[in-house]
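Some structures are shown below for you to check.
Next, two complexes with chain A in common: one pairs it with chain B, the other with chain C.
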Partner chain A sequence: MQVKKGVVKVPLSVDERWDLIEKITKQTVEFGAYKHTLKDAIAELTVKPLTGIPVAIAVLYGFWSFFCDFAGTLFTDGFMVKIFDEHWLPWLQSVFPGGLGDPLYALMVDAGHLENGVLVPSDNCFEAFGVLTSGLFVPFGVVLWAVLAFYLVFAFLEDIGYLPRLAVLVDTVLHKIGLHGYAIVPTFLSLGCNVPGVMATRVLETRKQRFLMITLLGIFIPCGAQIGIMQDLVPELMGWIFLTLAIGYLGFGYILNKIVPGESPEIIMDVPPYRMPALRNIARKLWIRTSRFLLVAVPFVLLGCLIVGLMYLTGAMDWLASVLGPLLMVWFGVPKEAVAPLIAGFLRKDLAVGVLGGLMERGVMTHFQVFTSVVLLSIYFPCLATFALMLKEENWKEFLGSLASLVVVVFVYGGLIHLVGLMLGVA
Partner chain B sequence: MGHPNVGKSVFFNRLTGAKVFESNYPGTTVDFMKGWMRLGGEDVELIDVPGTFSLEPKDKAEEVAVKMLTENKDSVVVCVLDASKVERGLYLALEIIERGYPVVVALNMWDVAEDKNIRIDVEKLERILGVPVVPTTAISGEGFKELVSKLKEARPAKIEEIIERAGAGKEGGGESAAVSG
Partner chain C sequence: MNEAEEKFGQVYFTILGAVALAFGAAELIASAGGGFTWGILDSSGATDPLFLPWRAIILLSVGFFYLSSVKDFAEVHQLAKAVMASIMIWIVAGMAIWTRIASSIPGEETWFNSLEGFLASYAPPYCPEMFLLPFSLVIVYYIMKEKEGEK
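Entry: the complex of A and B
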């Protein structure tokens, strides 16, 4: 490069800048012999498909086992269910004024349910559905532990640097649906909470990629709170539920990619070196995320409990059930009572699954209907917080597109699940 | 400012005591965050921005970063570089210098660079760039005291002079005479 004083044009061209950088680094940076370390060897093993896929399966399986054992078995079943069902609920039932049949008692403690025409009290906190019973049991008895367990493991994966490696591994598959391997990051974040998941789509390059990703996240990815309570309610169905959602995610992603105009360019992604996670950082993230959950989710769950309770009390729920009943029964194969969890789902998905749990405990639904309802709950409408964020992050056209995709997916996929159930003779 | 995953958020948290998420993957930060730090007896506002490869944004997170830079015309820019990938980081740093911002360069992940046997002549780099250059390891906090003290020395640099100095030191006196002539 010929440099003459006074003829330098600012800004430099890309090439000029690189020339200059080369000159600078030639004089200042010295690359010594590089030793291949154990860390590099591990890093390679986790990225190459032959070894990387088994490692990924092991990591995810470990994640899941920890999630179930720590949150489900240890805390929820081991302590919380006992505390809530054996002490808290009976105690409230004995001291709260009014008693069974009283409206305030029904809203706050236990609505009870009809058995052979007689109103009987509930014996667990899923059924009772009062603000002080289910309203507290759902967030503190179940979801809090799920959120804690999820974010504890997730923070480790984040800080070690495993996520970008997982991204490299799934790159080929995700390309088929117009996304890049990096999409695994928003997807994984969404498994904790859809809100940061949608935020994270900002690193995707084109509007098309962002639209696809936000839509798929909003529809198919259940959040940690929801997964936690599903796992507590129907652990035996979790495999099928995840499989159904994954097929939907990939299948509808493939179709959306074909019909949405725009480009899905390559993104060149950096895979950072593995690092030792700092405990301080993990603790801090765990604290922020958990307290955020408590601050945002608990009021919504309590409010949702109140709204659902009021709708039952005023007869609004029965009216909605009779109006929407035929559609639910004929198209999706679920009983008209399923309308209650679907209403609750507008506010919080974990609450919705809680409502469903109450119905299940009372034996209103068959196993397959519970399965269908849980899947429908996941896909039919993102929770209010996610919905609001989608409005902010997408433009109007994209937002309406997401909504339209959602409606189509719910009807097509929901109907399809019913159809498969009918053909297999389980519906 | 700096590339994704060079540790900007770690800097921000250390300097302001704020609680921005830090992770080991590119794209942890997708929005800006403001915080305050004490500097020589006065409160100074510090902004954490998403990582960007250049000042021509390629995605929404990078747009946020570039927007914050252009909106804060009279701010001092801490350019955070990955010391094991200096070339790439310098590209962004030069772009920012060209726009006339006073800059301090932090060569972060100094420990990684050492592990990789990469040696950087900090003094010479400082002399060529004409702005303070500080090696740091943000995670453990090494180099932070120096970085904070150098914030006051941040100054704009003329790209013409950088080119000249880069050329001058290249291969002894003969060459430099030819260049300046």
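Entry: the complex of A and C
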């Protein structure tokens, strides 16, 4: 109760508030016959599950097709691979002092690889692992186009008003894991870059919902960097990888929702009418999101390359591989050669996927082993930038909870995938 | 929309819906065997084998949308179903065209494709949605008619 200048203010109960709303509405709103327009009818169709789900399937198909062709076919394969592999790498290999076997050369340009016991230079920037080769190719040759394609379609869907309808459609499903329809926004944003995704969890009401969302994003949502490289190296496995991640997202979300105490309240969603997209809005959103990705993620890619290179040079990677190797090989069913990239994936998941793709091409790993390794890379330890943001957005207790969930999920889910592979006879 | 236009719409979209259903069923069956190419009709799964069943589900939905719209076709909610079905075809066919554009610009060995290579990228075979695309555009006439009625 508040007393101000002799007036006693008593807070209204929920029922009293609704009564008040009804009284105000009666006095201010005129009711009459309203003829639905074609736009209204289409808007209705896209939120009703029976018609809305097929439409969502078509929209997601368009989303994915555009992403693959824009980022993969047109820019990365069409131009960037040529620029980096046919011009940039050979030029650096010819002018950088030291040459193959020199520590600084290995760190900055090309570590090379052994063929029949002989150290040979790499012929592509994925395998060179240098700060100036892989470190630049990954963000500018692959990831930038993936992020650009992703955010372009995302901004378009946001601007025409489809995204809130998608939120209404998935609301029932997301309630099963303690979230609500608007959780689709951080989830989709994370598919571009986890950093804005984690920041977008602020749209959720309670600490429980934010904890659930951040944990699920950190574990099950691969970022544009990873998706771009996965699409480039293992396009035939993409469908299965996403299916496995979606099952994990919903399954572990359901379990976490049961374990974590706290509230998951209902919300009323505002669904705006469909509108023509404004080019200016789309361009502005695209610029803000892409520039944020470039500023936050690129330094981490370069730093990751440098640290991974140093770990290989100092023998730290071999030591870690020998210590963790037996556990990873037995539990996840991956070959010895995959252990080092899996460990390197703690620093740069995208680079690790690149190395795994190379191992598959050389016949060292089977399709199933690559599939298991790529899923593992997706679900374990978020990238350093996301990790730093999680620390900022969560309190210590929640942060440790997220990390504990992550460790449990990696071992349980990774083990389950291996078990399924064994039962199917493909592992 | 007058009675003749409504009648025409009912017959036209019944046929288009049936064709879409048939194409969808064919793609679904084809997806079990990894896809097929028959003359100028292409039902292969491109790079990802999941693309084919995904497309089949969309085509089947398009067929059902068209067929469910024909009863009382002039009513706005019914017309909206046919509009939505056409939009779904535009999305899938539009992406098939975009795939060709994206692959026609860069060359195999050179920076840009040769004129012959560029033109060859647009040659048949085409996916079923590309064949449905021109026929689905008839809905634009009905949208304009409906807009006139709204004014």
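Here, the second predicted complex is superposed on the first by the 364 of 427 C-alpha atoms of A that agree within 3 Å, B and C clash if a C-alpha of one lies under 4 Å from a C-alpha of the other, contacts with A are read in each partner's own complex, and residues count from 1 in each chain.
Here, contacts are C-beta pairs under 8 Å (C-beta built on N, C-alpha and C of every residue); 3 or more make two chains touch, one makes a residue touch a chain.
Quick caveat, the model's predicted, so the values are computed rather than measured.
J.: Applying the document's definition of touching, compare chain B and chain C: which contacts more of chain A?
T.: Comparing touch counts on chain A for chain B and chain C gives B.
J.: Counting only touches as set out at the top, which of chain B and chain C does A:Met238 meet: first, second, both, neither?
T.: In the superposed model, A:Met238 contacts chain C only, not chain B.
J.: Quick one: is A:Ala338 in contact with chain B, with chain C, with both, or with neither? Answer first, second, both or neither.
T.: So A:Ala338 meets neither chain B nor chain C here.
J.: Is A:Glu30 touching anything from chain B or chain C once the two structures are fitted on A? First, second, both or neither.
T.: First partner only.
J.: Given the touch rule stated above, what does A:Val260 touch, chain B (first), chain C (second), both, or neither?
T.: So A:Val260 meets neither chain B nor chain C here.
J.: Applying the document's definition of touch, where does A:Val138 land relative to chain B and chain C: first, second, both, or neither?
T.: A:Val138: touches no partner chain.
J.: Could you tell me if A:Ala183 is touching chain B, chain C, both of them or neither one (first, second, both, neither)?
T.: Neither partner.
J.: Let me check the overlay on chain A: which residues of chain A are in contact with chain B and also with chain C?
T.: 35, 37
J.: Contact residues on chain B for chain A in the complex?
T.: Listed in rising order, the residues are 3-5, 19, 21-28, 30-31, 50, 58-61, 64, 86-87, 90-91, 94-95, 98-99, 112, 115-122, 124-125, 128-129, 139, 159-160, 162-164, 166-167, 169-170, 179-180.
J.: Residue numbers of chain C touching chain A in their complex, please.
T.: Contact set of chain C toward chain A: 47-51, 54-55, 57-58, 61, 64-65, 76-77, 79-81, 83-84, 87-88, 91-92, 94-95, 98-99, 102-103, 105-106, 111, 143, 146-147, 150.
J.: Contact residues on chain A for chain C in the complex?
T.: 35-38, 40-42, 44-46, 51, 54-55, 57-59, 61-62, 65-66, 68-70, 73-74, 77-79, 82, 235-236, 238-240
J.: Please output the residues of chain A touching chain B within their complex, sorted ascending.
T.: Going by the criterion above, the answer is residues 1, 3, 5-6, 8, 10-12, 17-18, 20-35, 37, 155, 158-161, 163-164, 182, 185, 199-200, 202-205, 210, 269-270, 272-275, 277-278, 281, 284-285, 288.
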